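In structure tokens below, several structures.
Two complexes, one shared chain (subunit A), two partners (subunit B, subunit C).
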Partner chain A sequence: MFKKSLAIAATLIGMNAVAEEVTITGTVASKCVVVTDTVGIYGNPTPSELSTATADGGVEPIVRFDVLQASFYKARITYPISFSESPALTDVVNWTGNVSVAEVTDASMSAYDTSKIEFDNVTEVDLTVAGSTWFKVESTADYGATKAFPAGTYRAVVSADCIAL
Partner chain B sequence: MRYIMMTVMLTLSGYASAHQWMPTYPELRPSYVAGVLTTKMELFNSRNDVKYYEILVYDKDFNPMRFATQEKIVEVGYLKRKNIDVYIREEDRDKITYICSKSKLLKGTGSVTRVSSRICSKIK
Partner chain C sequence: MLACSSYCYSEEVFDVTQNAAAAGLNWTMQNVLPKQAGLTVSNVIYRYTTVKQTEDDMIVYVQNQNAQDTGFVFRETDDWSGIPGNTINKVVPVGNIPGELWGDGSIEVKGFGEVTNPAVFYSFQFDPCFDPQSNPSCPGYKDPFDMMLEAIDVYDPLDDQYVQDELNRKASLKDEDEELRQQRRAMAEGKKENRLEAVLSIVNTALLTAEAQAQAAELIAMNFIPKSYYQAIPDNKYEEKVVLDGGNIPDNRNGRRVGLAQQLLHDQMVDSQYNKENK
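The block that comes next holds the complex of A and B.
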């Protein structure tokens, strides 16, 4: 009799354990995620030029902005106008660059290329559509036709800001 | 359906190389010190090339404003989340507009062109 009671009790306890629930909670909130998709590489097509263009042997850096809700953020992307690290340079470097939309998850985001605001080396885009947008950044450093960049490592920084509106 | 897809996408994208700073619109509330307001921010680092983030506070024109945190340069490991309490003076309440986190890139590491990310939340 005691053995039977013990067995029933053990079974009941066992059933309770099986019925235990684990909760998973999550929150969906407005947010912006800045993703470094591709880091860039400067190609050296001529002695006086460093360029991220594919035709020049470079790789264009690509930054992705993910926004969960439309019109909550703007993207501000800055192409470099100086090296963060380089050998000693004795002359001025002329910088050019451009920021453009590379890929989108929503067709209406392609309008970002026409609605973007550009000043100095800065491009601002109001992220008016929820989803992901990939921006590619072109950067060229020109040392002048008669000059050659000295040998060494050159590094530059692209800034990608996501600012709440 | 769209939001579910976005949530899945953002969750997956978080494992690429990303920087998250939440909430979008933080609310200031009184702290335990009289005349000082506080808000709690959350930083998530899934950039494996970045270990340190700087906390910054600006007015509407992006002029730096005075504030206090436990650390202004915060170490956040890869795929780690950190809650950060930001304290500001009550008299600056109307001036302070943005609370930002910015990735700090270490000199001489990584590839040739690097990306510095900054996300700014806006106080409403």
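The block that comes next holds the complex of A and C.
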């Protein structure tokens, strides 16, 4: 019995001596890149309105999605529904906006405008073609019932995300 | 930096052309690409906007003809059929196609729709020292004068086989002529010697008898040899010995008198015809 115990102990010692841990390291680089192409500017066509439309003296922000691999990602773009910076506002601001394809590197990307999904202030587009797509964002803010915006600086944020499918 | 130290002056130049489609949907490449030896085009970058109805079929070709063959050296197709019009911004790598192959370019539309705001650019590269003679600082540059000397192929006609054959033929003819001439000369000298011997022998023997003298004279008469054959003509130089005294040669008064008399006689002859009419 003693001998058996020794034998088991020796076997256990031997097994511990040969154990080894091997590390595997991998890095995943995103195959989807989001780049700000043009920074937006609000125009002030009337005292109660801020607009990025060119006709209103504004500049529409443009964001570019570079996709190296087709059909692996979707673009999620949200137009603003609040100011990130503004003077104190005492009335309601009505927000409207739109996201559309501005430029493409492949003609078939133009179909994103018809295949996009819109809900609330969010636009989602499945990026089914490899290449770059420029999305422009329209944003309009109407203050109260034709009430003048207080003087000051107004900032709003457009959010653009590349989400893996 | 180390690699640059010895080859900076021959580094490749990378550049992009002006908008080839600035003047319209057709353009001539001669006015677009610089005329540089060894130039290659690496990318075509184009941008245009399509104006169309979503449901319409529309295909746009951005293309360049092959300048040295039929067909196209570059042709990119954008199919806008069934999708909304938009602006396309495309970079197409073409893999360093030599500049001389790039023929006239165009944007061609098939179907329904319109292309607006076209812009086409070509990114190119070239080695400024592709032709080492383009710049004295290029590696492999040779002095043009030395090159000219190398380029001149000195032709020695004497190396030509036909000329050599002809010269040999003439030389052999000359040798033959010389031999013939020598033979003739030898024969002539032999005859002369024979004549002289004959004459001398005749003279010697003719002195013996009157009859012999007559015979000798007859023989000499038959074999007349000019003196110039025996006597050398002196080759002295005859200097001018007349010296003009004072250097002035006066008019001959007698001659003047004669000339005057002739003039008078001439006048009389001319006047005589009028005198005859007056009479």
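Before moving on, here are some points about what is shown:
In this section, the second predicted complex is superposed on the first by the 132 of 165 C-alpha atoms of A that agree within 3 Å, B and C clash if a C-alpha of one lies under 4 Å from a C-alpha of the other, contacts with A are read in each partner's own complex, and residues count from 1 in each chain.
Following the convention adopted for this analysis, a contact is a pair of C-beta atoms (placed from the backbone, for glycine too) under 8 Å apart; a residue touches a chain by one contact, two chains touch by 3 or more.
None of these values were measured; they are calculated from a predicted model.
Superimposing the complexes on subunit A yields a three-chain arrangement in which subunit B and subunit C fit side by side.
Residue contacts after overlaying the shared chain place A:Ser108 against subunit C, while subunit B stays out of touching range. When the two structures are aligned on the shared chain, A:Ser84 is found in touch with subunit B, with no touch to subunit C.
Legend: residue contacts after superposition of the two complexes on their common chain; A:Gly40 is shown touching subunit B, with no touch to subunit C. When the two structures are aligned on the shared chain, A:Val92 is found in touch with neither subunit B nor subunit C.
In the superposition on chain A, A:Ala148 makes contact with neither subunit B nor subunit C. Looking at the superposed arrangement, the partner reaching more residues of subunit A, out of subunit B and subunit C, is B.
In the superposed model, A:Ile117 lies in contact with neither subunit B nor subunit C. In the superposition on chain A, A:Cys32 contacts subunit B only, with no contact to subunit C. Once you line the two complexes up on chain A, you'll see the smallest CA to CA distance from subunit B to subunit C is 6 Å. Common to the subunit B and subunit C contact sets on subunit A are residues 105, 132. Interface residues of subunit A facing subunit C in the complex, by the touch rule stated above, are 101-111, 113-114, 132, 134.
The touching residues of subunit A, counted against subunit B in their complex, run 26, 28-37, 39-42, 52, 61, 63-64, 66, 68, 72-73, 80, 84-85, 105, 130-132, 139, 153-165.
Interface of subunit C with subunit A (complex): residues 47, 54, 60, 78-80, 83-91.
Remark: subunit B residues 2-3, 6-7, 9-10, 13-14, 16-25, 47, 49, 98, 105, 107-108, 110-122 touch subunit A in the complex.
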